[in-house]
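Labels for the chains are A, B, C and D, by order of writing; each one numbers its residues from 1.
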Amino acid sequence: MSADNRFVAETTFHVRYAETDAMGIVHHASYIVWFEEGRSAYARMRGSDYASFERNGYYLTVAEVHARYLHPMRYGVQVVVRCWVSVMQSRALTFAYEVVNADAGIVCVTGESRHICTTHDGRVSLIPEPWRSWGRD
Amino acid sequence: MSADNRFVAETTFHVRYAETDAMGIVHHASYIVWFEEGRSAYARMRGSDYASFERNGYYLTVAEVHARYLHPMRYGVQVVVRCWVSVMQSRALTFAYEVVNADAGIVCVTGESRHICTTHDGRVSLIPEPWRSWGRD
Amino acid sequence: MSADNRFVAETTFHVRYAETDAMGIVHHASYIVWFEEGRSAYARMRGSDYASFERNGYYLTVAEVHARYLHPMRYGVQVVVRCWVSVMQSRALTFAYEVVNADAGIVCVTGESRHICTTHDGRVSLIPEPWRSWGRD
Amino acid sequence: MSADNRFVAETTFHVRYAETDAMGIVHHASYIVWFEEGRSAYARMRGSDYASFERNGYYLTVAEVHARYLHPMRYGVQVVVRCWVSVMQSRALTFAYEVVNADAGIVCVTGESRHICTTHDGRVSLIPEPWRSWGRD
């Protein structure tokens, strides 16, 4: 789960009001959406975004997601999502995440998501380059 | 805007926690999603659901949406969404909505949405039957 | 994780269009919201809803969530969320979930969420009755 | 509705995958959330963010929202939300919005939202400074 020696993408934004709930804090499902935005940013920074991955005939289907909530976050706070590839296999990969309250400098949520590479007709496929190479650093 | 002599579909559900915000009330964008679920229920009750409308090659593109917020709603309350066709034209139609707090018996939000019928390649199209006929009652 | 001999709450609704994504299927974060609606329904069926739990001075903070995606779901399909208490401790509990495509009769997503009972000022608290007793069947 | 001579706040982000729907485009309710993020950015740029507005005892309740959808947007596109105050009254104000596809340089959605200033116990209130002054340019 450690990001040591990995390429780590960081993306920054403010907590939106719509992402809070009646407890006055960010709703726990919002972080799952932020994880996804974290891996979108990862692909953009690597130079091969997910939109082109899809246009080339592939999907990265979500097989599993896991989140641990350590500290709450509130509206307006600046968020940093840190995302890296923690496991790369030929047909599946796992992204790991840290969601940081940038104002307070603390990690609030951690998580992972596992994905299967498929073609648009649903068959499991080898992960194409350059995505495949992302497991090699 | 009145529902007089119109077929009115009612759909009932509870406010979800995720639909609230840090003010402790339902977030205003949640009602836009409920309007959509109201027109989904309308089509199901009419016997020709929107999933089959799409499978037949059409989309009902949202051109405009308008909501007026009269009273707040809270988590757990039972909601009734009332939906009817207020304007039917050959290529466009307007749905109208009332969102009712069923526990308190009051109308909390009203709105309308205007839609254009298109084919999947984006061309404006005549609204097919039986949808077209829904303007005739 | 098995629901054997447990009280299982079932709640039924249709997939909303807003819950789908550009892959044409239900977005994976939507299931996290459905899990929450599953445990809301659980509490309502047990006769002590979460709204009154909060009014009595408590929160059930989400500490962890985990979902496994087995089969995709699409707009308009009828969903059943099955929810039960899998672990009950004095200050924490775990709910387990199965999300079923009721039209096809298959389990599409499974998951769990772990929660800590706190007072509104954030201190960890004993889970009050009758919630506490839900671990005894 | 024109932004002539007004202070206009611009905020930029990418379309998130979760914000799309099964038509392959951004879901129409997502823009309502972006409008809100547009006015959050407006307040931040003006030097008095909405979080402190709330901490000072006020809410800006949404009374009405209206959106016109001119062109669809897709996952990954860079979005600019332009937001300005179009009407300022003593107890109410109206924000106007343009949502621009920054890659294509076209306005995709326009809208307005009307808000009432209240105290936390729900009474209508004068809009406090410096928010009040935002109608004077």
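The definition used in the following text is that a residue touches a chain if its C-beta (ideal position, glycine included) is under 8 Å from a C-beta of that chain, and two chains touch if they have at least 3 such contacts.
Keep in mind that this is a model prediction, so the values were computed, not measured.
Separation of chain B from chain D in touch steps, taking the shortest path, is 1. Distance from the centre of chain A peaks at B, each centre being the average of the chain's Cα atoms.
Centre-to-centre spacing of chain A and chain D amounts to 27 Å, using the average Cα coordinate of each chain. One finds 33 Å separating the Cα centroids of chain A and chain B. Looking at chain C, residues 17-18, 22, 29, 33, 36, 74-75 sit in touch with two or more other chains. Every residue of chain D that touches chain C in the complex is listed here, in rising order: 17-18, 20-22, 24-25, 27, 29, 74-75.
Those residues of chain D whose C-beta lies close enough to touch chain A in the complex are 13-14, 16-18, 33, 36-37, 40-41, 44, 49-51, 74-76.
Across the complex, chain C is touched by residues 22-23, 28-29, 32-33, 36, 54, 59, 61-69, 72 of chain A.
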